[in-house]
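Listed after this line are the structures, all set down as structure tokens.
There are two complexes below, and they share chain A, which is joined by chain B in the first and by chain C in the second.
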Partner chain A sequence: MIKDGKKKVWDDYQKEIADDKFYYVRSCIRQTIWPGSENIYLRILKDVLGKDIYESENHTTCTGIGYHSEVVPFETIQTVVARNFSLMKEAGYENYNPSCVTSFGIYTEILETWHHFPDEKKKVINFLKQATNRDFVEPKNLAHTSDVLFKFRNEIAAKAKYKLINKETGKPLKVVDHIGCHYAKMFPNKGVGGAEYPQVLAGLVETFGGEVIDYPERRHCCGFGFRQYLVKANRGYSISASKKKFESMEPFKPDFIITNCPGCNYFMDRWQYALAEMEHKTYGENGYGIPVLTYEEVAGLVLGFDPWEMGMQMHQVDVEPLLKKIGVEYDPSKKFKGANGEDLPLPEKPNHINFSV
Partner chain B sequence: MVDFGYAPLEIKIHDLDKANLTLGEWIAERDETFKHCIACGSCTATCTAGKFTAFSFREMCHSIRRGELMEAITESEKCMLCGKCILACPRNVNTRNIVKLVRKANQNFRV
Partner chain C sequence: MGKEVAIIGGGVAGLEAANQLATLGYNVIIFEKKGQPGGNAAKWDRLFPNRRHTSEVVNSLKSRLNGNPSIMLSTAISSVTKSGNRFVLATKGKNFEADAILLATGFELFPAEKKEEYGYGIYENVITSAELEEMFAKHGKPVMKNGSTPSKIAFIHCVGSRDEKVNKPYCSKVCCVTAVKQAIEVKEAIPAAEVYSLYMDLRMFGPGYEDLYKEAQQIGINFIRGRLSEASELDGGRVQIKTEDTLSSRPLKMSVDMVVLMVGMSPALGTIELISGLGLKPNKDGFVAVADYHLNPIGTGVEGVFVAGACSGPSNITDSVNAARSAAIEIHKYLSK
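This part shows the complex of A and B:
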């Protein structure tokens, strides 16, 4: 990768990101797989950055997974999206801030559709009125949550307790940044840094002191790909796609992977366990996997949040070796304790990938 | 070993920075329509040889672009040069000529 070329691409693809007053929309799957990440984001925005961010209990899924599986028709998803936008207006906000990359892709695609096909928009205005008696509105600004953390990366770094630096060697941690396909591959100008070499996570990593590594399959899908996984008979394709990425990044010895998409987080983490059990192969050091972190977790870690409060014990690939590398202060005995100190059920120990229980 | 009911397929990793792309460049110099291919597969869908053998013009082009020279040359030998794919190609790629060029290149590029 030519660094100067990358900077030029980044200059060409910068988007407008709102400064304050965000209407936050959760992901439908993140709550079950990374329960802490969305809370960390709200905590960072409210308590660390002092921003106004509002979440409505009435918003729904964007139905993106159903749409991409051809279960939800286009008219339906457009109406669901229009309802979510109108809830934002009712709450007095204009800046829509989804936490999921699939949703971000859906909102972008639908806003572009309404822009280029006014008849489609007219149809949806009627559907929304008939179905919910709500008024149609489009957001003034649409930014993914990783865009917002990117925008405030310097403010976060200024308050950071740790840097992404190996405590023992003093060298920057080597980080694989993986961007969800639906973030910018469909509409490159809607993502920070475009589709080829997005800046959104690379910017975070570099500001926090880490070093982004490039590898041949950087742009390859994480392996989710919706139908590759949703149909069990196709799951061989899903795990093969992930394996291809791991094989390709392994020689560069990454310290961790950072992603901005719920699906990428999940598959790059869980498939490392499945590959270890299937083929007795691990891609990290000393029989561990390569930890896979969300951008909120990375920001939370550098700010000094407790890893167990952030739910990092829910990862399939153990994060403890990474915490030790950075020098994060944490209590290993509290890994599987609840909020009130009660014992949580211990996970079953995998056979072929190290995991401290 | 755990049986999940599915397994990874054999994977191939192509590092295009290290791949030998000279065959593709050599062909494009002699027939620039090679560069127009969008890999739609219309050629393969209409191919008579492909109906009875495993021949695929599209796969041959992929092999050339990935630097898999032997695979491309072996693939080209399955074509019967009927030229039906030229009629099907929406990008006016001179497919028949490209197969002939790959065969001609055989002596230059065979390792």
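This part shows the complex of A and C:
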């Protein structure tokens, strides 16, 4: 690996990311899958970095999953997107900051459409007026939440309590980074570092002390892919895609996987359990899986946030071996306690992959 | 006759045209922006189809540079303007005048790093066809970054050619036969090596090219019809490549020690800026547009300005020599009016 070559590519793909005053837009599925990640992002932005970040209770899903499944027409999704942009303006913000990579891809695609096809934009301005009586506006800046954490990675590192270093060996943790397809693969110049050698997550990992692994199937699909999973008959493709990645990264002994897409997070985490049940095969150390973390969780961990407050007990692959490697102070007995100390239902212990309950 | 001809570019076309024009009695000066004459050919070890050493050809072309024609090395022309029937060529410190101009600025090799998914500049053992020539010249064989001799090599055709994704929709013409030549040379240098050639079509248009292709097949070069989809680095610097074998309709993944990217021809940097001062435009591929593709492929839209070699489109050495000789005749006709 010629590191200078990669850095040259990174230099070619830098984007403008707003400095402050963000209009935050939640994902429709992340709150169910990783309920703590979006909350921790807001806490990092507000409490750690002192930024102005606002979210409106009126914004809706971007309808991206429906659009990619061909149940939401293009005109409809454009109008929904225009409404969300309009809400941003009404709240007094200009910097749109979606949490979901699918949404980020949708917003990027639609802004590009309006740029290249003004007639389409004209049509949507009318639809928006007719349907909601709102005024059309485009954001001044569009940045995914992982872009924003990338921008402030040095500030976060300066306040970090932990580093991505193995406490026992003193060596950097080995990390697999995986960007969502819709983050940069459709529009490489909209992603930090481009699509082939993305920097957005690698930059976080390196700044926090870890080491990124470049393994052969790095670019391969995580196993989501709308057509692979939403069509039930195609789910074999989904798990086989994930399996191909795990087999490719396994020899490099990754300590964890970081992704910036809800689908990647979900499938790389859940399919490790499914593969263990199906084939009695695990890809981590000592019968555990490879933990799959969101970028917010990684930033939260190094800043010293409590892993259970961040919802990391909701992972299918146990994160405790990773917490121990880093030396994170946490209380194992609180793993399945609610926010008010109440007992949460305990998950069923899996048969073929280690998980501390 | 005493009339002056300025040739911009001291590659094969520029040198050959200069020699011909000097023989016809003109005062010829070549402006070459690099420190050595010979252009891209000077970097090549051996030529297709007969594997003749390139230095023989280049040295022959250079051998007549003894006063007329003369050559100014490391001299870039920043602009050319026409004033009456005379042309003014501006360099960094001095202006030159001429009665006719021959554009022979040649080509640039396609910057392989633009095909990001192939990993050039990032993976240690992904090299270009030009770098392989340098290895042949220096070591007589390909050498991996760690100094080892590769035992499995893949040639990737059409890198920066016939590829709309990088805005290079045209064929660079010479890469197919170059790949076949280089594959044979690898096999000769390392007989035990497995050599693969990933191609779209094999455009063996010239005399002796098909023979070369047949020879390659006979000595065991493996030809796979498929474009490279991506390359990834494996532990130890080997390279994993993926393609689809479109003849058997099967995806294919293999690990090799070295990947050679057959980089195509791109318009020479600066040529477009140079001709724009004369009111000339490039063709749709970015090369210098000729006056008439069939009947006047040497002329341009400006009287007294001629073009030869790869600056008007991908050419091999034979094409460039032929074009240079045609240009000499056309310039002679123009200056004899």
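We take it that the second predicted complex is superposed on the first by the 356 of 357 C-alpha atoms of A that agree within 3 Å, B and C clash if a C-alpha of one lies under 4 Å from a C-alpha of the other, contacts with A are read in each partner's own complex, and residues count from 1 in each chain.
Throughout what follows, a residue touches a chain if its C-beta (ideal position, glycine included) is under 8 Å from a C-beta of that chain, and two chains touch if they have at least 3 such contacts.
Given the structure is predicted, the values throughout are model-derived calculations rather than measurements.
Participant: Evaluate whether chain B and chain C can sit on chain A together after superposition, giving fit or clash.
Facilitator: Clash.
Participant: Of the two partner chains, chain B (first) and chain C (second), which one does A:P251 touch, if any: first, second, both, or neither?
Facilitator: In the superposition, A:P251 touches chain C alone.
Participant: Is A:K89 contacted by the first partner chain B, the second partner chain C, both or neither?
Facilitator: Touch partners of A:K89: none, neither chain B nor chain C.
Participant: On the A-aligned overlay, A:P216 touches which partner chain: chain B = first, chain C = second, or both, or neither?
Facilitator: both
Participant: Would you check which partner chain A:K185 touches, where first means chain B only, second means chain C only, and both and neither mean what they say?
Facilitator: neither
Participant: So in the superposed three-chain picture, is A:G5 touching just chain B, just chain C, both, or none of them (first/second/both/neither)?
Facilitator: second
Participant: Where does A:K51 make contact in the superposed view: on chain B (first), on chain C (second), on both, or on neither?
Facilitator: Once the two structures are laid over each other on A, A:K51 reaches no partner at all.
Participant: Report for A:A274: first if it touches chain B alone, second if chain C alone, otherwise both or neither.
Facilitator: A:A274 contacts chain B only, not chain C.
Participant: State the stretch of chain B that overlaps chain C in the combined model; pick it from 25-33, 43-51 or 79-87.
Facilitator: Of the candidate stretches of chain B, chain C runs into 25-33.
Participant: Once the two structures are superposed, pull the chain A residues common to the chain B and chain C interfaces.
Facilitator: 216-217
Participant: Which bits of chain B are touching chain A when the two form their complex?
Facilitator: Within the complex, chain B contacts chain A at residues 1-2, 4-9, 11, 13-17.
Participant: In their shared complex, at which residues does chain A touch chain C?
Facilitator: Per the touch definition, chain A meets chain C at residues 1-2, 5-6, 8-9, 194-197, 214-219, 251-252.
Participant: Which bits of chain C are touching chain A when the two form their complex?
Facilitator: 113, 116-117, 121-124, 230, 232-235, 240
Participant: Would you tell me which residues of chain A are touching chain B in their complex?
Facilitator: 216-217, 232-233, 235-237, 239-240, 243-244, 247-248, 274-275, 277-280, 351
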